[in-house]
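Listed below are the structures to be examined.
Next, two complexes with chain A in common: one pairs it with chain B, the other with chain C.
Coming up: the complex of A and B.
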C-alpha cells in the first residue's frame, strides 16, 4: 500500500516538474513549485521522515513561494523566450537520467532491513540514544548532539546566506519602504482593505506562533526542532506583513532586531559549544553543562535548538524584507 | 458498535471522496474562473469535512481525534478565506464573472 502511494505521489511529482518546465508563465511556475514541495513533503512523510516532511512543507511550500512571488515583483511575469541549444540540454538530461536509472539497479529494495544504511551507524544511534541523550526523537539527538558540528555548520551556512542576501538587496531601504506589490496586487498597504482575509489572518497568527513554539520545544519528543519552528514563526510574521503591509511588519520587528536575531542565534549555538570547553569538556559536548550528563545533554539540545530557531527566523524574515522592500525598479 | 462505527466511517469517507472527485471534475470542466473556484471549494468544504469526520470515527476517542478536529477547524477557517481572497484578487485583476475564460489562460 505504501509503495502504491509512493508511486502515485512520485508520478504526480514528475507531472508537476514537467509542468514547471513547460509553462512560460512564471506566476504559475511559482505556484507549481509550491505544489511540488507539498507533494515532496507527503512523500517524505510516507517514508517516515516526519522531521524532513515538516521542514519541506513549511519552507518549500510556504515561505519559498512567498519569496519567489516577492522576487517576481522585481522582474516580470513571463519567461523570456530563450534561444539556447535545446538539443544539447536534452542530450545532457537524457544521459544523466539513464545514468541515474542505471544506478538504481544497485540500490537495495525499498524498506530492505539488510540495506547498508540500516547496517552502518544507525543501529548504534538507535541503541545508545536512550542511555546517552535520554530523548525519544533520535533524529534530534543525532542532529543536535552526535552530529552537532554538522548542524553548527548548517546554521552558519544559513547565517552567511542571509547576510549575503541582505547585503545584495537590503541596502536601499529608504526609497520605497512600502512595496509588496505582486503578492497582493498594486497595494502598498497590504490587505488592509480586505476585511475577510485580514480578520481571519489576524485570528490565525497567534495560533501559528503557538504551533511554532510547540514545534520548537517539542523537538526532543516528536518531529520538529529549530529549523522547522524557525520557518513556522517566520511564516506567521510574513502573514502579518502580507495582511498589514510590509512597513507595519517592520515596525513590529525592525531591521535592527532582525539582524540581532540572525547573529544572536548563531552566537548562542557557538557559545554553548564554548561553554562546553570552559566547563572542561569538548567543543559542543553538552554532558558537562549540568551535574548530570543526561540533564546536560537536554539543556544543550534545548539551547542549540533555540539558537537554530532564532537564526532561521531572522534569516527568513530578513530575506523576505530584502525582497519585498525593493519594490519595482 | 465497532462494526457500526466502521460502516459509518466508510460511508463518510466514500461520500467525501465522491465530493472531492466532483470538485476536481468541476475545476477542470467549468467554463470560467469563478465557476471553477465554486467547484473547487466543494473539495475544501464538503470533501474535507466528510473525510476528516470519517477518519475521526476510525481514530475513536483518542488524541488523534482532537488533532483532527483542530485541523478541521483550521481548514474551515482558512479555505473559505483563501477562496474569498482569490475571488477578490481575480475581480481586481479585471476578471469579469460573466465571460468564459480564453483557453490560453487556463494553463493552471
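Coming up: the complex of A and C.
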C-alpha cells in the first residue's frame, strides 16, 4: 500500500514539474510550485523524514509561494513565447538524464540497512543521543548539539540573505506607513472589504501562532524546531498582512523590530556558544551551561532553537515586507 | 521494494533535469528561478531517499519499544537546514530579478542583452 502511494506521489511530482516548465502563465506556474512542494512534503513523510516534511510544507508550499507571487506582482504575469536554443538544451538534458539514470544502477538498494550511509556516524548518533543529550528527537539533537556549528553557519546564511534583500531594495522610503502603496491588494487595503476571507483568516491566526509555538518548544520531543516554527509564525503574520493590508501589519511589527529580530536571533545563538567558552567548555558545548550536563544540553538546545526561530521569522517577514512595500513600477 | 527504490532514483534524475532545462532554455528570469528550485527539490529528494531504512520509522526515540529500528537522522538534518537556506537564496534571487526589472524594464534574457548592447 505504501509502495503504491509512493509511486503515485512520485509520478504526480514529475507531472507537476512538467506542467510548471511548460506553462507560459507564470501565476499558474507559481501556484503549481506550491502543489509540487506539498507533494514533496507528503513524499518526505513516507520516507520517515517527519521534520523535513514539516519544513517543506511550511516553507515550500507556504512562504515560497507568497514570495514568488509578490515578485510576480512587480515583474509581470506572462513570459514571452519561445526559448533560446531549445533543441540544444533538450539534447543536453536528455543525455544528462540518461547518464544520471545509468549511475543510479550502482547505488545501494533502496532501504538497505547495510548501505554505506547508515554505517558511519548515524548509528552513533542514534545510540548515544538518549545518554548524552537526553531528548527523544534525534534530528533535533544532531541539528542543535552534535552539529551545532553547521546550524550556526546556516543561521548566518539566512541572516546574510535577509541583509542582502534590505541592501538590494535600499532603505525604506521615509514616508509614513499610511502613504505606502502595497502590491498585495490595491492601496494596501488587503482583503479588508471581503467578509469571508477576513473572518475565517482572523480566526485562524491565533491558532497558527499557537501551533508555531508548539512546534518551537516541542521540537525536542516530536517533529519540529526553530526552522519550522520560524516559518509558521512568519506565515501567521503574512496572513495578517494579506487580510488587513501591509501598513497595518507594519504597525503591529514595525521594521525596526523586524531588524532587531533578524540580528537578535543570530546573536542569541552565538552568545550561547560564547557562554560555553566562558563557563569553561568548548564553543557551543552546552553541557557546562547548568550543573548537570543533561540539563545544560536541554537549556542550550532551548536557547539556540529560540535563536533560530527568531532569526527565521525576522528574515522571512523582512523579505516579505521588502517585496510588498515596493509598489508598482 | 527493488523497483520502488530505482523509481525514486529515476524520479530524482528526471526532476533534476526538468529543473535544469528550465534554467538553461527558458529566457524568463522568474522561470529560471522556479527551475532552480525544482532542481534543488530533486537533490533534497535524493538525500531523503538515502535516509530510509527498510522497516524503520522516524528517528524519534520511544521508550518501551523492543529492538527499535530508526531511519538515518543525518540526511534529514542536512536537508532540513538546506530547505531554509534555499528559500533565503531564492528570495535574494527574486530581489535581484525585481531590481533588474526596475532598471531594464524587462526580465527576458534577450531583451536585457539588447539593452546592454545599445
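Everything that follows uses one rule, which is that the second predicted complex is superposed on the first by the 310 of 329 C-alpha atoms of A that agree within 3 Å, B and C clash if a C-alpha of one lies under 4 Å from a C-alpha of the other, contacts with A are read in each partner's own complex, and residues count from 1 in each chain.
The rule is simple: contacts are C-beta pairs under 8 Å (C-beta built on N, C-alpha and C of every residue); 3 or more make two chains touch, one makes a residue touch a chain.
Source: prediction; values computed, not measured.
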- Query: Clash or fit: how do chain B and chain C relate after the overlay on chain A?
  - Reply: fit
- Message: Touch test for A:107: chain B only (first), chain C only (second), both, or neither?
- Response: second
- Query: Of the partners chain B and chain C, which touch A:194 in the superposed model: first, second, both, neither?
  - Reply: first
- Note on the structure: Counting residues of chain A touched by each of chain B and chain C, the higher count belongs to C
- Task: For A:278, decide between first (touching chain B), second (touching chain C), both and neither.
- Result: neither
- Query: Using C-alpha centres in the superposed arrangement, which angle lies between chain B and chain C as seen from chain A, in steps of 10 degrees?
  - Reply: 90
- Message: For A:1, using the defined touch cut-off, is the partner it touches chain B, chain C, both, or neither? Pick first, second, both or neither.
- Response: neither
- Can A:169 be said to touch chain B (first), chain C (second), both, or neither? second
- chain B to chain C: minimum CA distance in the overlay, Å? 16
- On chain A, the residue positions that both chain B and chain C contact, one per complex: none
- Message: Please output the residues of chain C touching chain A within their complex, sorted ascending.
- Response: 1-2, 4-22, 24-28, 30-31, 33-35, 37-38, 41, 44-45, 48-62, 69-77, 79-81, 83-85, 87-92, 94-99, 101-102, 107-110
- Touching chain C in the complex: which residues of chain A? 3, 6-7, 10-11, 13-14, 17-18, 20-21, 26, 29-30, 33, 36-37, 40, 43-44, 47-52, 55-56, 59-60, 63-64, 67-68, 71-72, 74-76, 79-80, 82-86, 89-90, 92-94, 96-97, 100-101, 104-105, 107, 109-113, 115, 117-118, 121-122, 125-126, 129-130, 136-139, 142-143, 147, 150-151, 154, 157-158, 160-162, 164-165, 168-169, 221-223, 225, 227, 230-231, 312, 315-316, 319, 322-323, 326, 329
- In the complex with chain B, residue positions of chain A that touch it: 23, 25, 28, 31, 184-185, 191, 194, 196-197, 200-201, 203-204, 207
- Message: Can you tell me which positions in chain B touch chain A when the two form their complex?
- Response: 74, 77-78, 81, 84-85, 88-89, 92-93, 107-108
